[in-house]
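For reference, the structure I am asking about is given below.
Labels run A, B, C and D following the written order; every chain starts at residue 1.
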Amino acid sequence: MEVGHCQKSAPTPTPLPPDKRLGYAVVGLGHLALEEVLPALSNCKKSRLVALVSGSPEKMKKVALQYGISSENCYTYQTFDQLKNNASVNIIYIILPNGLHKEYVIKGAKAGKHILCEKPMANTVEECREMIAACKQAQVKLMVAYRIQFQPHNRKLREYIQQKTFGIPKYIEACNAQSTANVNHWRHNKALAGGGALPDIGLYCLNTTRFILDMEPTEVFAYQYSTPGNPLFKEVEELVSWQMRFPSGIIANCATDYDVHESRRYRVNCQKGWMNLDKAYAYKGQKLTTARAEGTLELQQEVEIAENNQFGAEMDHFSDCILNNRRPFTPGEEGLQDHIIMEAIYLSAKLGKPVQIPPADAAKWRGPEPKIS
Amino acid sequence: MEVGHCQKSAPTPTPLPPDKRLGYAVVGLGHLALEEVLPALSNCKKSRLVALVSGSPEKMKKVALQYGISSENCYTYQTFDQLKNNASVNIIYIILPNGLHKEYVIKGAKAGKHILCEKPMANTVEECREMIAACKQAQVKLMVAYRIQFQPHNRKLREYIQQKTFGIPKYIEACNAQSTANVNHWRHNKALAGGGALPDIGLYCLNTTRFILDMEPTEVFAYQYSTPGNPLFKEVEELVSWQMRFPSGIIANCATDYDVHESRRYRVNCQKGWMNLDKAYAYKGQKLTTARAEGTLELQQEVEIAENNQFGAEMDHFSDCILNNRRPFTPGEEGLQDHIIMEAIYLSAKLGKPVQIPPADAAKWRGPEPKIS
Amino acid sequence: MEVGHCQKSAPTPTPLPPDKRLGYAVVGLGHLALEEVLPALSNCKKSRLVALVSGSPEKMKKVALQYGISSENCYTYQTFDQLKNNASVNIIYIILPNGLHKEYVIKGAKAGKHILCEKPMANTVEECREMIAACKQAQVKLMVAYRIQFQPHNRKLREYIQQKTFGIPKYIEACNAQSTANVNHWRHNKALAGGGALPDIGLYCLNTTRFILDMEPTEVFAYQYSTPGNPLFKEVEELVSWQMRFPSGIIANCATDYDVHESRRYRVNCQKGWMNLDKAYAYKGQKLTTARAEGTLELQQEVEIAENNQFGAEMDHFSDCILNNRRPFTPGEEGLQDHIIMEAIYLSAKLGKPVQIPPADAAKWRGPEPKIS
Amino acid sequence: MEVGHCQKSAPTPTPLPPDKRLGYAVVGLGHLALEEVLPALSNCKKSRLVALVSGSPEKMKKVALQYGISSENCYTYQTFDQLKNNASVNIIYIILPNGLHKEYVIKGAKAGKHILCEKPMANTVEECREMIAACKQAQVKLMVAYRIQFQPHNRKLREYIQQKTFGIPKYIEACNAQSTANVNHWRHNKALAGGGALPDIGLYCLNTTRFILDMEPTEVFAYQYSTPGNPLFKEVEELVSWQMRFPSGIIANCATDYDVHESRRYRVNCQKGWMNLDKAYAYKGQKLTTARAEGTLELQQEVEIAENNQFGAEMDHFSDCILNNRRPFTPGEEGLQDHIIMEAIYLSAKLGKPVQIPPADAAKWRGPEPKIS
């Protein structure tokens, strides 16, 4: 028996008994669901998988067998509305193409279930508003799955900013880029995806910057570019590079691209030091580095923090909110605000001039800070 | 819905249906079981938790509830032998203090169950031989839980050696050290632990060096030291520093200490480059770096490899061996060989001179290479 | 005698005999001259210190003694014009506050000496044009001291771009920031400095991006900010953050700040990998890292390159141009182009909209590539 | 003019006027002299090159021209003794094959000049004793060129040990390896080199460990190995791997090899952290990393320290000792002690058992700590 490695571990996790955990219906069995969400549910403390929804009967049958879901807990999009009769389902997790979010969030709300919706929340600001209204009317909770806000390295960096550990931040450099290749994927279809690199991956730069600064931008200026002739970018854009101006004078320079080697990071440049987070938006592997001076020495510090499962953390947070009747930390309004800014970014790139963002205050929509183990 | 991060992912995992997975009885509910093994079982593809054995009824009750284990599948050390009547149990995983391994491995074998035994395998060479014999007689498989041999970074480094990517290795530097503080823990009790830093953590340097080199040492020389007056080291040693000589002329310099800041690494120095593995023996966070020259440039390369859950990997490997009736990659003889070398190390330190190791060939006891996703 | 470390060294340097090296008169004995330029001259191969010009007789006396410069080779700004009678002086190196560059470059040219001028070249585009014209008329060579263009890591990265080692670049993130504190320093005086962070340090982002891409931007958009009430920024700006658009569609996001912890780096994001240069603009300590994928592995590579002395390299390059009657790699027109772009950056920040840059082609003004050992 | 980079710089260096600097005669114009020592002298503050000694008239002529040394200041080994008549020569720096050190140190002492001798000091303990005696009798100072003891990163690490910044050290891992290829080089000739990897490069592990610990080992155990049939190792050894035991219980594991990719590092493992120095023994590029815990965080810190020129630092230190009539920090006895230990290492490898080292105390021979800028 091995006894090491214990000294810095978190307190022993104490999962709720299986029958006390809230039941999730997972809607959409794509890569994200199969490779991340379903395995994460197996190790959740307050959540468990109870139902599946898919348009592919064969795939669903296989997955159901693997995860021990009986056939009466398997639904198609035609039978989606019957979820309302399934008492074991507390939460519906929408993992569909962006263009379908609105329809199924509203349907789910009408079924009387709480809704966790993948990001981007929808295709347009208008859709977001409808979704929020529908959930409000149905008296169910709505949360957008901003997993980064439940990730320990990002949270630690935000804490450093709040505590002014490195003094006041002056500007931020953020980018989220990856290489895509499958022209038939729905992400290159404007109607289903709503846009290209910006809503899919650039959104992380936008949302995380707002999250760590606890501040809302007042103006954006953006360039947009797609390599001519590349069929991937026939409908949706390849590159968006934008600056955001914040009330305190901070500038954030952000970039996203669909034809660039994977690069998911940001750096916060402060008066007395900087913080850099590599793999900031990845599922794991975050690497937090900080720098500051001490006398004549320059100290560059790698801060090792135990990783968590971000999907598990956000699902358990939502279960916790429901169990305790609290607002989620990232409710629908959090997704709406990102769409307001993304529309301004697109408009700026189109007009070739800066675009203003209406004043907003996230404190008005956020629930209490999540406790992340 | 987010669609990135997919391009380099492993193929979609395909867990066996729950009722096809082999059933594990976990014996001993200490830190390792609670924080690593039980959560790992929740995500295994071919293994699942079906029974618990503990001397603490209260703790067991809580854990059973958390993991959905019914009370008839909970055993004490008094009722351990009744495991033989539990058809859902295929494998017994012994996670007890080292000094108790022999007794419960033999009991488990007599119950007709396959045995996975934590490392170090036992307290003495003699005990290891008895355990191997008992499992042979009972016609059950015996595997020692050398999780590092199922860890992707360590396996990749071994592959580099096999392929002579950096030429021939000349010497290895390995250390595994940590800071311990609890004088009441059984690891500081000679009868329960069998020794101090060497069998508990130094064993990793020894076993991993043999594993990556695919070679057995022929001679060792060792120093042993314990800080005088430190009550932690009243019964067991603090520091062992030893050299191992291999037939090809390679030397491995190893060190282990119970009163040193956590440091778990090794470096293989080869003719045309070196390979360094930080956090080599940790549960996760391995960082593989290599160096070589290219013309006038010196290239230092960090090789990112997707992590796995080592505990899950070794449990699923053992399940796979049983499902396919194959020898495990790390059977009892693998543990025996380490104990033969550890006894030589202790003897060298005691005599103040080198000690020979009898010739051995791991190919004779190892089963086929595991497939690690 | 130690014989290692040789295998990767550059060929043995072969300095010219002292009396064959070209003679430099160093004008201005501030930090840069005392700590960098004078020591660099001691190890130059084709250049040597022969004269000093300073407004501080005491300081000059001390420095002259230290460097073995006789009193007849020491000049004041009043006697500057007498340099024309000093046959040992081939080159005048202007290391004065920016606002004085024009006056002394023109005077030096009229004295019939070749001119090396520190960057930024001047305060305005108009001044640059006058300086170029004066040197042309006097038939002397004019070079701007862009030391980064003579620095091996930056040159290697440029080579990677030229060879498309990581595919086509899509966007660049660059920043050069530092913390300044002395409100009495001329750099905070608009008349002497011409501007704030932008011409002093932000210029590196601008010039180096143009250098590595071998391309000229066509449009800029900029934000400018100074913390209200900070006396350092009464006359000159603190922060400039700007985007530059290049003809190929590449976007460069640049930022510079005078009240931020030292951060001097850029990253080039390409289709098949990225290149990151830390300490890119520092005097030494450059760290070049690249990333790319190889099958399922992500390889992050630190490329170690022998450092040079950038000041020595640029002075020897200029001596070499004069000895061989060639255009310098960074002539006056190179400085002029940066000033054209900086004026557009300031204008954009003032107007709140993008500003176009007239087409330009550096190949028209650059001399042959320097050979950097 | 550029004004950044100044805030953390050392105070402005103040070289002595050239005619006040002490004059060095450099004996032997191999790689080390040409590529390191002569350039370093050009930037020394208290030392300067005044004479050359070489057996190759042509090479000497070229070098003399390059460095402005007149022909009357050029000597052959036949005219070496005439150095005594050259008043400009204060110090003779012996950079010859090891086997010639004794002869020329003694000749130099008899010429009444102070002696700086490259490491290893000689071929045997006996030779070292003769050299010390000769210098004593001639009343000249003798220093061994242990440049690492004048290197800032190594000195900082030693300071951390002295101040117990990371608690008490428990064991050290050190290695110095490189790849050699030229079978005709004198380093593979036993009579000229005295040994193989051990005295040439392994010596750094030995000397630096003693230096940073301020402690002398009491026992060594060593393995020695040379790849059979490799002509490089016909006379001298390839690999030595040894353990050193110190009075406090600390163990140092050291290894050196002549057929291994360059690796020059050590790590000090302490109770509360570790310190790692990469490129520890290289001419430049040292990288100091430390680790410690802070609450649940593991902090790994890279400590950036301004580099110096080690050769310049040791030459100026020796000049300083002479100008102030002080013992050098690394006198002949420092070299003698290393030879005593190296002879024990060779003996241990030959006998296959540990060898004791007589008690010693470096405080008895060291002069005051050098001031390193």
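Odds and ends about this structure:
The rule is simple: contacts are C-beta pairs under 8 Å (C-beta built on N, C-alpha and C of every residue); 3 or more make two chains touch, one makes a residue touch a chain.
These numbers come from a predicted model, not from an experiment.
In this assembly, D is the chain whose CA centroid lies farthest from the centroid of chain A.
More C-beta pairs in contact connect the chains of A-C than those of the other pair, out of A-C and B-C.
Per-chain CA centroids place chain B at a distance of 56 Å from chain C.
The centroid of the Cα atoms in chain A and the matching centroid in chain B are 37 Å apart.
Spacing of chain A relative to chain C, judged by their CA centroids, is 43 angstrom. Each of residues 179, 262, 293, 298, 304 in chain A touches at least two other chains. Interface residues of chain A facing chain D in the complex, by the touch rule stated above, are 8, 10, 293, 296-306. In the complex of the two chains, the chain B residues touching chain D come out as 166-167, 170-171, 173, 175, 177, 179, 221, 223, 225, 227, 239, 241, 243, 245, 249, 251, 253, 255, 257, 259-263, 267, 269-274, 291-293, 298, 352-354. Chain A makes touch with chain B in their complex at residues 1-7, 9, 12-18, 28, 30-32, 34-35, 39, 42-43, 62, 65-68, 95-98, 118-119, 178-181, 185, 187, 200-201, 262, 282-285, 304, 307.
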